[in-house]
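Shared chain: chain A. Partners: chain B in the first complex, chain C in the second.
Then we have the complex of A and B:
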């Protein structure tokens, strides 16, 4: 058997062993699936609950202008509206089921037609500043919008909007990309890290290190096994995003290519951390402590550049999560979130992959058993 | 016990130097920070012998073995295995070395067969021979009927046997066993001893580290006693007893002796342990010392019983290192 054949045999044997072990000790796989799906559910709930302020509208006047005003409120993208009588609306406000009550007075239409001022009643449950400010912004917005529709002659200032992208992207589809990236990150990281640290904890590392196989081949085999397991968990998450959430990527080939590259980076990073730390508990703690903050500052909820905090922008750009999100946003929605271009972003990720693989190999190569 | 199916040597095995010592440690030293774990240790193990490394916990046995297998790099000195320099010819050494680490290093979540199969791939055992050799080894260690069961369901003795079978799978010339019967019950220990003795009959060199003197006496043709990383003595168990043992005189008197000072003053008396009417006196072994001891005690008290015996290895160890083996 020549050296190459032997190395390939060792690589495949280590990969198969990793996969078999992962199927019996499923912590990495489970976390790799559960965590991103949990994030998706949590963020979606946050979006659903936090996006629109539940508001009751008391229609004391049901004339055409009052109706038009109600429609203006509905178009403001800030309210979850329901029409209610005065007393039920008060009850809803008192019991904390709505944030505000907007009362369209009985003289709304007649006053406006007579050119008289009208006062809308606005009651706010101001225990949450976020919602309170939503109401404070959205009611004047609705008034402007109503005037632009009902009395265009009186409105001399209008917005001339030009959109950068052909379509608007909702919060959930934007977030989908981040969920895929966190699935790739946690899938690769946890799978490979727990597998590597586990070899030390269970002392099975001696079986590997006492063999004549090259440490490169062992490491590549272990990484391949973890990579395939990570791929399995990520595919499940991607299936949820596409089939359940309903987000269809613009460029499938890019999604696959960028996903494989990202998974490779975090598989190598996990192998490196697991080999250095040698304890699963310490590894998991460090993996969560470093990866999740990085994920959140790397443009998970919106482009990093929108933050206008130079330190965060600087930190985000040090780590590969940022570039992975940029690339996946391009693959899913066609966005270019930085000025590097797709090619350069890919090169940056390839650089990370190469460096981390080399570092992981060095860590294993330099490994000795102290006693 | 089932006999081992003959297996072909791989090319690296065949290349091992003929006539070279199985193991040669030359001024081997390992320092961790300010702690010297192995201190200029020099030893030679002959091909085909069962050699024991004895020492209390922390004496440097495992560190020595780790350097022997290339798991740990020596601070200074040299290790040769069948003529190969471990530091520069690590791969060749690992081809001819079979290891049974203290922790067994088995993948407990996997089956016995999968563990063996993985080992076969790691050691490049020809695919055509793999199945036959795994079957032979599992049969040898009497685990063939449990081949598909996860190792975590095995007893401690079964795990040791499996680890031994796995170490033999690639037909090594030298096998080291680190505490081979640690945590194993008495019956399983006997079975493992039989396997180890059978290895010698197959011409293999066996190096064992052990905390059990009984085990060392039963298995080893030669023993090295190490403490604080230094070689204290190396010889056959019988010779060690002769050289360092002398004789032990055990006496029983009618009443306890009031003073032991006179006995201690006799030239050739090494130490005395008194427990009521029972006295255990270690001597250098010369006849006149034994007779002087017996004379003195019989003058001081009525003697009920006299026994003269060789010292146990435990007592020699205690004398050489100043501590019991499992300290």
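Then we have the complex of A and C:
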């Protein structure tokens, strides 16, 4: 039997062994497969309130101009509005059910018709600046759009908006695509890393290392097994994103290709970390806990370059998560979130995959020598 | 007899702590990501809430210059003054989210009372950035008119009243929910794995054969897990205080530490429950991460629970972490005891229930 055939047999045997081992720990495997979907669902809760601040409007004046002002607020893309009396509105604000109370005073119509100043009462539950600043900016937006409608001749300075994209992409469709990458990362990492570290904890690695099989073949086989297991969670998370969340990709082939490439990278990375750390507890703590910082720095919420912070940009570009998010946003929405182009982003990810596979193999060889 | 039980508890407590302490990689893995997150938050804080925009001023007339000045001082953008060509390059290279152009004839149109639009070219790839710009441009226009005083045609002004004496930055606000997440996660994972390892490495046999009461074993393990998690919580709190992000005042230090202890206790109790029930590290880890994340996000995550959908608020009523986050935010940011009694009661009962479940699970595991 020539060497290549033998190595292929070793790879296949190691891959089968990985899959069989995974299925012996059924609860762990099911949880590992479901975990990426959980990430997708739970991180999506970030976007649930959609940036709309729950706000009560006290309409002390119900005249036509007051009504027009209310409509301007409703069109401001900033509020979840409800009309309330003064006292119920206060109660809602005090109990933290709403973020602001806007009071349209009783003299609103009469003052404006007479060209007199009129003051809107704006009470804000300034819990954090995210919501508070939205309110502080959205009320002026409502005022200017109200004037544009009600007194177009009086206020001639307006904003003439030209959008680069034919339609806005909402929070959930944008964010969930970024979350998909984090889910793929966790799926790949956990599947491969726990399997690799487990071999050392249970000392079963000895049998593999004592066999005449090549270290490369063992490593590739282990990765292949974890990759195939990871495919299950990838399929599941994609199905949930497309069929349940309803984010339909523009380029299906890209979605599948980039997902497989991302899974490959993190399968290799998990194998490397598991081999180096040799302990599942340490590996899992590290893998899981790095996911949150990575999520925040890698452009999950928008292009990293918008931050204008060189350190953040530098850190983001060190990790493959950034490039994977750029590619998936292209696949789903057609966006180009950096200037490298799709081809170069793919090449960067392929480079990561290759380097990580080589490093994982080297780690296994070096460990063998030092053990 | 009592002395002997305490010696057993102390021995198991020391053994579990020693195992944790000797495992330097685990130690680093617990602390470094927290540090990493805090650094990321600190560095990223300056860009939150203001969008990057290029401003092209083609008009050198009085109104154009005034508008340029107001846009600069409005504190709603991170501005770069640019020529039209530079602005297009910045937009193309994703260095800015929008280009605002004050047109050449702006002053002329304003003085002639003709429509004088500011041209806004917007990269609307994401509603978050797009709506920030859509709110900020009218804000600047309103400020432009407000600068005209009584001559302003806009007669509607705003009288703002804030419910709280200070604004809390969003990144500061998110530190406390993250602290709670790390407490519950570390409690679950550390204690869960410590318990499961006894079965996986079969050291549980030695404990079973030893003439020691089961309760002492359980208590020793819970206390060890609690100590590790509690210390991690204190470390994060101390870092937050050192950076002046989350610094309680006076007696609120005690309240804050009490809440951290209760959440750590609950996490540890749940960890022992899961570890003793599943008895294998891999499923324990998977389940622990799932449970911690569900509890965290269903308590509102880093958002404001009151502003989340009704169904989530209803779920959060039954989630002890929501009470933990609320109590910490009230104590640290607002020096308030609002609903503190309820928060402490729910957390205490949950911790006791978790501890009870842990003891039951451990006892069943040992008996089996």
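Criterion: the second predicted complex is superposed on the first by the 337 of 371 C-alpha atoms of A that agree within 3 Å, B and C clash if a C-alpha of one lies under 4 Å from a C-alpha of the other, contacts with A are read in each partner's own complex, and residues count from 1 in each chain.
Quick note on the criterion: a contact is a pair of C-beta atoms (placed from the backbone, for glycine too) under 8 Å apart; a residue touches a chain by one contact, two chains touch by 3 or more.
Owing to the predicted nature of the structure, the values given are computational and were not obtained by experimental measurement.
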Fit or clash between chain C and chain B when superposed on chain A: fit
Touched partner set for A:330, first chain B, second chain C, both or neither: neither
Which of chain B and chain C A:17 touches, first, second, both or neither: first
Chain touching more of chain A, residue-wise (chain B, chain C): C
First, second, both or neither for A:25, with chain B first and chain C second: both
First, second, both or neither for A:210, with chain B first and chain C second: first
Touching partner for A:117 - first (chain B), second (chain C), both, neither: second
First (chain B), second (chain C), both or neither touched by A:222: neither
Distance in angstrom between the closest Cα atoms of chain C and chain B, superposition on A: 10
Chain A residues contacted in one complex by chain B, in the other by chain C: 25
Chain C - residues contacting chain A, complex: 23, 25-26, 28-30, 32-34, 36-37, 40-41, 43-44, 46-49, 51-52, 67, 76, 78, 91-97, 109-110, 113-132, 134-139, 141-145, 153-164, 166-170, 172-173, 178, 182, 185, 189, 193, 200, 278, 280-283, 285-287, 289-290, 293-294, 296-298, 301-304, 306-309, 312
Contact set on chain B toward chain A in their complex: 12, 32, 37, 62-63, 66, 69, 71-73, 91-92, 94-95, 97, 99, 101, 103-110, 114, 117-119, 121-124, 126, 150
Interfacial residue positions of chain A with respect to chain B in the complex: 1, 6, 9-10, 12-13, 16-17, 20-21, 24-25, 202-213, 368-371
Residue ranges of chain A touching chain C (in the complex, touch as defined): 25, 27-28, 31-32, 34-35, 38-39, 42-43, 45-46, 48-49, 51, 53-54, 69, 76-78, 93-99, 111-112, 115-134, 136-141, 143-147, 151, 153-165, 167-171, 174, 190, 194, 198, 201, 277, 279-286, 288-290, 292-293, 296-297, 301-303, 305-309, 311-312, 315, 333, 335-339
